[in-house]
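The structures considered in this document are given below.
Same chain, two partners: subunit A is paired with subunit B first, then with subunit C.
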Partner chain A sequence: TAGDKISRSGACRVSLSMAEIRAGFTAVKANIQSRDPIRTLSILSHPHSLHKVKSSDRCCLTHHLFTFYVDKVFKQCRTKDSFVNRKISSIANSFLSARRKLGQCGEQNNCVCGEESTEKFKQILANYEGLNVTSAAMKSLGELDILLDWME
Partner chain B sequence: SGELYCSLPNPRNVRFESINMKNVLHWSAPEGTGDGVLYKVKYAVYGVGKWIRKAECQNINRTWCDLSSETSDYEEQYYASVKAFLNGACSDWMETTRFNPLTDTKIDPPMVSVSSTDKSISIILTTPEKWKRSPEEESVSLLQVYPGLQYNVSVLNKKTKKRWFFSISNNTLVVPWLEPGTAYCVSAQIHVTTPLLDSGFSKERCIATLKDK
Partner chain C sequence: GDAFLPAPQSILILSTNMKRFLTWSPVFVQGATVRYSAEFQAKYERAYANGRWIPISECSFTTATMCNIRDDISDTVAYRLRVRAELGATRSLWGTMKGFFDRITTSLTPPLLRVLAEGHHLLVELADMGPAFKFRLLYWKKEQQNNVQQKVMREVSSVVHLDSMEAGAEYCVKAQTHVEAINRSSSFSLTQCVRAQGDTSMSL
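== the complex of A and B ==
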């Protein structure tokens, strides 16, 4: 679709409807972020920023993060607001298909996990597990723009 | 002023207003308070464990505070907060929503310069610069911040009122096969697809093609 964009993660190229995901997130960003009262903790961006990850490690970390959002985050983010829920599931579907494509690319050994991406992802999981599941999931969802900014 | 009792109404509509990543915190005075209200401002980098008071915005009576310097790293996100004081009473701290300089800034239109021959006009577009602390600081074009940045260009034949639209990625455009001795007006807009950001259209720049030789 017009908003599709090739997201280059290391040797892998995944077509992803970034504009659609962005629009979906922007529509619910204020709502989602208002459910996260913790200013002093971040799942994705601290203590180490995604932007400091070497490009050779991008593919692996991107795949890890897609899996993280699909398996851990989206499932825990049901709200009483049907509009918000619809936007979340639309984003989740886009992530699901992107993960599948990235997985296929990974099978051709184009998505090597270096020490840096492994360490970074461990930190993200530690941040996530440092909170109760619902808070951690909602915070992660509220940080989707951090992931999208990095992917672009 | 000592903070005796926080019964003062809260500052309202605390938000960032950002243009080309010049990020200024704005708010409205608490309801029903006349003159004499003073304010304190603090900010926090999202995910980092401390609030920092903005020195130049302690006990101020204006209702804005420039936090461009503190929020210049657009790979981070931020919160800011304001507290009001009057006659020993105070309000609660009132926070902004989470501010992402990359997606929450507005972009000025590009600068447009035009020149003409008898049958064509040439257009050069200049993208605005990201805010910087001082003139000596190295300039960063918003083109570097938003690599996918494009331009929408409108060209109007003043005589026939016919208008063309062009969408271009590089910053120069030559419009050929025009009528000699005719005035054309050009206006341009910046368009970023993701994150979705559009500037307004620039003021029209008009130029006449040269008369036939």
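== the complex of A and C ==
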């Protein structure tokens, strides 16, 4: 909807309903973050922020992160709250759609996985696997704005 | 024993200008008020969440046979919808919409446009259609059909100044909408022409 952004990831430009994703996340952010008791740890920003990643590595890392959220995070974030579940579904389907577009573009523009993005993604997985799966998923979902800020 | 409750039929989504209404045919039970509940399932749920269905609270326990499902359907993925009837503790089977719904199929109508001449100023008023919409306006001097100007706008909160007009000349305008999220445009509105104030007659 309004604010359909073109997210530039290296050579790839993916049209993403960023405003919709942000609106959906903002509507449930407090609820999701209240389910994350471990405030001292970060999945996406430990030890280094996403912003330190070179632009040439953005495309690959973005695709990795879409896959991470689609394959691992969203499915573990089911709650008893129908409103929260609906918003998570909306975000999950937007990510699924975006990953497909980025995947198509990546094939044509060889979305190269440099050492840095590979290392960074390994660190994110290590942070994730260092917690029990539900806590890790809720924390990752609660950090979605970190990812959205980086993508924008 | 519990009365048998048939599943709702004719389940459709009516979608115009990115608004989406789920509709179904009523289930009649003599002397009773039947209620309905609806759920959706999108591509993610089918592929990654064991085909989970998600309740739509605006369409839960309603006596209506239509409900607005605008918020739930995001992005351009395929959605399935289902509805069941409820009477007390009795539940019908789910009636499932045939096929899928993707918001890219919404029908887009031309914008409501009003063209005004205020002195030498060519002004337009457009009805607001929501944040998803941009407007593309084409305008030209009537006698110069091939010199068409364009203006693209998103915010349409008030009257918009398009151009300054030559005294006594006639100018024409038409408009269409564009929705970035689905990358589609409506057809153009009817053309409207207005004449600028001032005399064009030549005294010889």
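Criterion: the second predicted complex is superposed on the first by the 150 of 152 C-alpha atoms of A that agree within 3 Å, B and C clash if a C-alpha of one lies under 4 Å from a C-alpha of the other, contacts with A are read in each partner's own complex, and residues count from 1 in each chain.
The rule is simple: a contact is a pair of C-beta atoms (placed from the backbone, for glycine too) under 8 Å apart; a residue touches a chain by one contact, two chains touch by 3 or more.
Note that the structure is predicted; figures quoted are calculated from it, not measured.
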Joint occupancy of subunit A by subunit B and subunit C, clash or fit: fit
Subunit B versus subunit C as contact partner of A:Leu148, first or second or both or neither: first
Angular separation of subunit B and subunit C about subunit A, which is computed from CA centres of the superposed model and rounded to the nearest 10 °: 80
Which superposed partner A:Arg39 touches (first subunit B, second subunit C, both, neither): first
Subunit B versus subunit C as contact partner of A:Ala19, first or second or both or neither: both
Which superposed partner A:His51 touches (first subunit B, second subunit C, both, neither): first
First (subunit B), second (subunit C), both or neither touched by A:Ala30: first
Three-chain overlay, closest Cα atoms of subunit B and subunit C, distance in Å: 6
Doubly contacted residues of subunit A, that is, touched by subunit B and again by subunit C: 3, 19
Partner subunit A, residues of subunit C touching it in the complex: 18, 40, 42-45, 47-49, 52, 54-57, 71-72, 74-77, 130-132, 154, 180-181, 183
Touch list for subunit A against partner subunit B, complex: 3, 5, 18-19, 22-23, 26, 30, 33-34, 39-42, 45-46, 49, 51, 142, 145-146, 148-149, 152
Contact footprint of subunit A on subunit B as seen in their complex: 44, 46-50, 75-77, 79, 97-98, 100, 102-103, 148, 193-196
Residues on subunit A engaged by subunit C in the complex (per definition of touch): 1-4, 15, 17, 19-21, 24, 70-71, 74-75, 78, 82-83, 85-86, 89-98
